[in-house]
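Per-chain numbering from 1; labels A, B and C assigned in written order.
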Amino acid sequence: MDFKGANILSTRQFEKADIERVIEVAEELEPIAKKEQTSDLMKGKVLASLFYEASTRTRLSTETAMKRLGGEVITVIGEEYSSLKKGETLDDTGRIISCYADVMAMRHSEEGAVDKFADGATVPVINCGDGPGQHPTQALLDIFTIKKELGKLDGLTVAMSGDLKFGRTVHSLVYLLRHFDMKLVFIAPDQLKMPENIIKDLKNDGVEVEETADFTEGVKKADFFYATRVQQERFEDPSEYEKLKDVYVLTKKFVEDNNPDLVISHPLPRVGEITKDVDELKGAAYFRAAANGVAVRMALIALVTGVTGVLGVK
Amino acid sequence: MDFKGANILSTRQFEKADIERVIEVAEELEPIAKKEQTSDLMKGKVLASLFYEASTRTRLSTETAMKRLGGEVITVIGEEYSSLKKGETLDDTGRIISCYADVMAMRHSEEGAVDKFADGATVPVINCGDGPGQHPTQALLDIFTIKKELGKLDGLTVAMSGDLKFGRTVHSLVYLLRHFDMKLVFIAPDQLKMPENIIKDLKNDGVEVEETADFTEGVKKADFFYATRVQQERFEDPSEYEKLKDVYVLTKKFVEDNNPDLVISHPLPRVGEITKDVDELKGAAYFRAAANGVAVRMALIALVTGVTGVLGVK
Amino acid sequence: MDFKGANILSTRQFEKADIERVIEVAEELEPIAKKEQTSDLMKGKVLASLFYEASTRTRLSTETAMKRLGGEVITVIGEEYSSLKKGETLDDTGRIISCYADVMAMRHSEEGAVDKFADGATVPVINCGDGPGQHPTQALLDIFTIKKELGKLDGLTVAMSGDLKFGRTVHSLVYLLRHFDMKLVFIAPDQLKMPENIIKDLKNDGVEVEETADFTEGVKKADFFYATRVQQERFEDPSEYEKLKDVYVLTKKFVEDNNPDLVISHPLPRVGEITKDVDELKGAAYFRAAANGVAVRMALIALVTGVTGVLGVK
């Protein structure tokens, strides 16, 4: 993909070389994300940070990325965009805010809303999550985390557990992972299995996929384990939830007994899927992943605005 | 007017020379507003952006103006100002926030509220809309748009349609236009006619005014057409609204048939007054107007803080 | 205290030397707070401004402090932090936002919440008010105001009136004042007296304390008078409130008749405790106190991030 001027709407638009490019630029900008260096790369440029659906962590991470690159941010939070309330179409909104900003990051509760907004926009749009749809910046930070933690992307087994049926995060992530020589293990109860169409897409792309409901068995096989929340509200029968919720909990003892070298991540917030004592393990990567998010979002902002080249960024 | 230190509260305070001065500075700052140049004109200065009533477009435009001039912004949105809730008077609020900022932009749902706030303030205040009252920055961007689109302000016919009775935007705008050799055509149904006192003011100032309910006839005469929304809630009889709402709609075909050179603007958001296909006409100026808003707000900020002189601004 | 890396959670953590250090740095940064100089002291650094409970004045003051020092700010307002809503613990939140920011300022409606947040944080946290708990930045700006207005901190009589029972501000302040040779006069009706445990703490520290319900008598003795609001909702018997509310009102005439040299401050917003005509007195220090707040918050930010040393700051 030619990043300059591109919208980042879905992980499906990424080829292998695109992912490698994002990782390469993110690695270069990492010292700025980690507060070791300062930057004026985006000086004089403005990011519109449009979170029609609240997602404070993603918003703060994206705004921090822009600010640490020396750029400015204008922000809309929640349902506040008053012109939308008055009946403005999303593509008019996209066109107007393009008059103010050089790049726009948007989150919305409805699938497809960011695409409509991007239709009207005249500057690049980065999708920061559109309801049950896509969350490409999260997926890119997750694959960046795998690369940073394990030093490579090929020859790995990646296990995912929790709500694989509705989880936007895992749906976005697997469309990046498919480009690498990985085995994917999906750990979920029947009610929350990865959708058939995604499994089919992966197999068509030659990805080795294993599905299991057995948490221990699944985690044992993994080099990298990605936990998501099992949400009570997804179950019709509450007793079914009660049975499962304790099975899908990662504890320090469990890791030490079953897979001591395991690298563990989570899109956060965690509620109970990973106990606090896991934080003590050196494989606990979820807080490092939060920091990686700043570097990856810096890379995307720099790439779509085309300001790489300065600061040694190629 | 001596801009340095002045409050911008109403278009009635503007003499012809003041309007020309704002246009002149806005033209000078336009390359920064259009993202062609960067600026440090307002470096080290702080704008307080106080939108007690939501108006995201005006807020983002104003904040972008300050940020692209290299200044900083502190923001209050909606009903959040907690001290007002606790019973603080608006002039105390104005005095306190003056301790933080070098210039303040305020929007409020009540007419006169910005004036009260300005009474206590010790730094310049820019009114960004006070309920049914004034909206001077919108009016200034509209007259700037006329100048940019038609190359002049004298010898023009400007038509306005829609809700001329309650429309703050048109009420503010005509008090600027009166200073130039213009004919004004007000197109509105009886229920939404321009108020008598405004018509009287204009005639006293020697402005040629024509009133009509005939949309086609009115638009035909115009060099510049300014559409506003006909709001359903203004009609006691819903069938009356139903009859009118389709008459006051500008379509591409209508323009091509009746006045192909027409320059068209709108304060936005539009809901149905201008159909999407009008966007294809070269006279469709409403998105360019949104961009002009940044340049005009830059000019006002620079003028009232007295930092013109740097950057070649006279 | 070693300020670099420290959390500012309570005034009880301050030794006399710490208070003097904050005042010293605040005096040095005052020309920047007063808009007389600009600064790049915090360039490349990010403050997370987390106001889970609205407090616009404290928020704007803190954000202005960071911005005038050349730093950047990311903001969360109200109940918006979506991960907390999803059940994230405060210490996880503290740990994650530490990935984005170099320093964090937090306000929360629950006593102790800022401490929990600071437990997870890996960068310094400044408590900007935790419910009925502490408000150290307000107390530091108040003692800074006493020093600025009267030129010294020893040998003074400080009177406080109003709601001394529930007032977080006065509770925080007295734990700073106890380090100096001051007489404290607490003026309150029986229902709103300073809590016994605080009186005891002060006496143990050798502070001379006087309690009275007589407003005139109390104010007469003071060099510095600190008014707070008598809140109607604290009274079970409304007639009791009606009797008191007019007694605890400072007017210009009252000051001129009883104590013309009195220096007067208030945490603001005022509602009726100090009449508007008092603003004309040269001892009316409450708006100057609001400006002092920016300098004091600059000092705290500079001290805990350890960037003093630049700009001549020692």
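By definition in this document, a contact is a pair of C-beta atoms (placed from the backbone, for glycine too) under 8 Å apart; a residue touches a chain by one contact, two chains touch by 3 or more.
The structure displayed is predicted, hence computed values, not measured ones.
K.L.:
Provide the labels of all chains in contact with subunit B and in contact with subunit C.
P.N.:
Where subunit B and subunit C share a partner, that partner set is A.
K.L.:
So subunit A and subunit B: same face meeting same face, with over half the numbers shared, or different?
P.N.:
different
K.L.:
CA centre of subunit A versus CA centre of subunit B: separation in Å?
P.N.:
About 40 Å, centre to centre.
K.L.:
Could you say which residues in subunit A touch two or more other chains, in rising order?
P.N.:
Residues 75, 77 of subunit A each touch two or more of the other chains.
K.L.:
Would you pull the subunit A residues touching subunit C in the complex into a rising list?
P.N.:
35, 38-39, 54-57, 60-61, 63-64, 67-68, 75, 77-78, 268-271, 287, 290-291, 293-294
K.L.:
Can you name the residues of subunit C that touch subunit A in the complex?
P.N.:
43-44, 46, 48, 72, 74-77, 80-83, 86-88, 92-93, 95-97, 99-102
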